[in-house]
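In what follows, chain A forms one complex with chain B and a second complex with chain C.
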Partner chain A sequence: MRHSLSIAAITLGLAFAGAAQAQSTTDTRSVTVNGTVAQVCVLGAPAPTSINLGQMAATSGTRTGKLGAIADQSVSLPATFCNYGGTQITVVATALIEGNDEATPPSGFSKAVNFTANVSGWTPTAASVTTTAASDGSNATTTSGGPEQAQPNSTSLTLTLTNFSAPGDSILVAGGYNGLVTITLGPDGGH
Partner chain B sequence: MRKTVLTATIMSLGLLAAGAASAQPVTGSVAINGSVASRCSFSTDNVVLNIGEMSITSGSTSTLGTYDHTKLDGLSTPLTGFCNGAGATMTVEAFPMLNTSFTGAPPSGFDDRVDYTATATENNVSATDTTLTAGPGAPGTVGYFSSNITVSFSNSATPGGGKMIAGPYSGSVNVTLTPTT
Partner chain C sequence: MTLNRFLIIACTTAALASGAGATSAAAASATAGPASVPVTGTVVTFCTTGTLTNDTTVFDLGVLTDPNTGLLKNNIAPVSKILNGATCNTVSTITVAASPMTAQDFTTVPPAGFARAIDYTATASGWTTTPAVYVTSQSSNSAANQARNTPFSGQITLTLSSFTTTGGSNLLLVSDPVYSGAITVTLAAGN
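This part shows the complex of A and B:
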C-alpha cells in the first residue's frame, strides 16, 4: 500500500513541474518619448540696414539734373533659414520718391526713381521685382514672389539693387528721396 | 474498482492499527511537491512622455532652431516590477527620436533625429543603451527585487548639431526583465 502512495506523489510532482515551466515569463515595458518642432523661418539681420545713395542727379555735363550713374547696391542677410519645405521669398519694393513736395512735378520733371530689387540664394532662380513708379510718384510699390523652395533650407541671402532709372529720364525734382525694400520669407502661396 | 480499492485500504489500515496495539508502529507518508517558476513581471503599463517643442526658439542666430538638449536630458519616469530569481536580468534597448513626417535625407545643415542614452536603474543595478548603436545594451543582474525601476535620459543630441526639421518626433525605450533560466 505504501508503494501505491509513492507513485501518486511522483505523479503530482511531475504535474507541478510542468505547470512551473509554462509560467516562466519575460516581461517588457516601453517608454515612448514624443516631441515636436514647430515650423519656423528666420531672416538674418540685413547688413547694411540702410543704403544712402547720396547725390543721385548728375551735377555736370549733358545729363545735369538727370539721374546720374548709380552703382549697384548689395545687402547681405546671413543665417537665414526655414526648417520646413514649401517656402517662398516675397519682395515688396517701393521706388525712391521725393517726399517733401506733394505737388505733381511739371512736365519734364520726375519725383521718382525706379530700381530692380533682386533677392538671391533661396532658390536657384532669384526673386526679383522692378518698380514702375510714374514721374509724379504714383504706383510706387510693386510686389513679386520667388519660386518655391521644396526643402528645409539654411543659407545667406543677397539683396541687390540695380537698374536705377527715372521715369522718362526726366530731370529729378530736388529734395530727399526715400525707397524701401521689404523681404518676407514664409510659406508659399500654395501652402 | 475504486470502491474496491478503498475498501481494501481501510481494511488494511485497520489491520495495521490493530497490529500497532500489539507490535511495532508503522508510518505511511504522503509527499507533497510544488514549485514556483522563475518569473519577472511589470505591474505598471507602458509610459508615454511628451516633451513638447524640442528646438531652441530664441536667442543667438547660431543656435536658433537647433536641438534643445535640456528637453530630454535629466528626464525620468518610473516603472514598477519584480523578479523572483537570483539571476534575473534587466536589459534596455533605446530607439532614437525620429521625425515621423519628413522623408529622405536631411538637407545640409539640418537634422531629423535625436540620439540619446537611456538608463534603467533598480536600486544599485543599472542597464543602459545608446541609440547611436543598434540593439540592446548589456544586461544588468537585478536578481530578486520588487520595486520601482527608474528610466532616465541623458546625452541627447542631433547627429550634426544642425537645425531641426519641423514636424513630430517619436522615440522609445524598451526595458525587458528576464527571469533566471
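This part shows the complex of A and C:
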C-alpha cells in the first residue's frame, strides 16, 4: 500500500512538470523583411545633345542683316522619371549672345537673339520660359518653373525652342552666338 | 542479522502481494509472487522552432533600387537566418509562408509604369530533405509544406532570394521609406 501511494505521487509530479513547460504541438516563428526606396529623379539623355542654328541672319531681301526665319527646334529627353509625387520641371534659358565682341553694339544693332524654351510632357501644362536679353547681351538668363506633378511619373520630355527674335529686330552683329537651356527635374518649391 | 533481513523482505513481499490481490495474501505457500507493478507515464508531443540567430527578427535589405535607373537591384541577397534548436519529438510538418514586400505609405494604385510591391522566394531548409519553399508571386505553393517522418532536433535555415518587382522587372518602384513583408515558419507535430 505504501508503494502504491509513492508511485501515484511520482506520476502527479510528472504531470505538473509537463504543464509548466507549456509544450505545444505547433510552433510558429515570424520574421519581417524590410527595405526602402529612396526618392530619385532621372532626366533622360537629350537627343540631340546640341542645336546648331547655322546662319541666323538674312543675307538678302528686305531683312538683310536681320534675324532670318528660324524653324522651331526640338530635343527629346526619353526615359525621364521621378518615383515620387510633388515634382516640378525648372527651365533656365540663356539667350544666344555673340561672345567674341565685348563692346556694346552701336544703335540699331544687336548681339542677342531671344527665344522661348518649352518643356512638355511632365504635366498637362508645359514649363515655358522666354528670354528677354537686351541688344547689348545683358539680362540674358531667365528662369521659370512648371506646374507640380503630384504623382510618380515616367515619360519622355520634349524641349522645343521657338519664337526666335532679336531685341528691337535690330541688325545682328557678326560673330558666333551661344545660348543654353538647362532643365532640372526635382521636388517643387513646396517640397 | 540474517534472520532480520529475511523478515524484512518477507514483509515487503506480503505488502506487494496484498496490493495485487487479497486472495494471494490469504493463501499459505512456501513462495509468494512474483508480483507485477505497472509503471506508466506520458510524453506529450511538442514542437518548437527554437531561437533565431542573434534574436533579430528583421531582414533589413536597406535601399532596394538602383539610384541610376529606379529599378529594383538585381543583387539583393540578405544573410540567411538560423533557427537554432528547432525540435519536434515526433513526426512533423514544416510550413513556410510569406507575403510580398509592399510600400507602407504609398498605399494607392501606382501610376502606369510604377509598382509598389516586391516578390521573393522564402526557403526553409535543414528540417526536411526537400526544403519548404514559398514564392510570393505564386497563388499556389505546393512546396510550402514538407513532412518529416522522424523526430528531429537541429537547425532550420531561412533564406530569402529571387527578389523581383511585382508586375514586371521593367516597372519602377515608387519611393517609400518602408517596404515590408512577413515570413512565418511553422513546425507542427504530425504529417
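Here are a few things to note about the model shown:
Simple rule for what comes next: the second predicted complex is superposed on the first by the 166 of 191 C-alpha atoms of A that agree within 3 Å, B and C clash if a C-alpha of one lies under 4 Å from a C-alpha of the other, contacts with A are read in each partner's own complex, and residues count from 1 in each chain.
We adopt the following convention: a residue touches a chain if its C-beta (ideal position, glycine included) is under 8 Å from a C-beta of that chain, and two chains touch if they have at least 3 such contacts.
Since the model is a prediction, treat every value here as computed from it, not as a measurement.
Within the superposed three-chain model, A:25 lies in touch with chain B and with chain C [touch as defined at top].
Once chain A of one complex is fitted onto chain A of the other, the partner contacts of A:42 extend to both chain B and chain C. Of the two partner chains, both chain B and chain C are touched by A:81. Using the contact criterion defined above for the overlaid structures, shared-chain residue A:151 touches chain B and also reaches chain C.
Contacts of A:33 after superposition on the shared chain: both chain B and chain C are touched.
Chain A residues in contact with chain B (one complex) as well as with chain C (other complex) are 1-2, 23-40, 42, 81, 83-84, 151-154.
Those residues of chain A whose C-beta lies close enough to touch chain C in the complex are 1-4, 7, 11, 14-15, 18, 23-40, 42, 81, 83-84, 151-154. Residues 9, 12, 28-42, 44-55, 57, 61-62, 64-65, 71-72, 75, 77, 79, 81, 97, 99, 106-110, 114, 118, 151, 153, 162-179, 181 of chain B are the ones touching chain A in the complex.
Taken together, the chain A residues at the contact with chain B in this complex read 1-2, 5-6, 9, 12-13, 16-17, 19-40, 42, 44-45, 78-79, 81, 83-84, 151-154. Those residues of chain C whose C-beta lies close enough to touch chain A in the complex are 15-16, 18-19, 37, 39-42, 44-50, 52, 57-65, 67-70, 76, 78, 81, 83, 101, 103, 110-114, 118, 120, 158, 160, 172-190.
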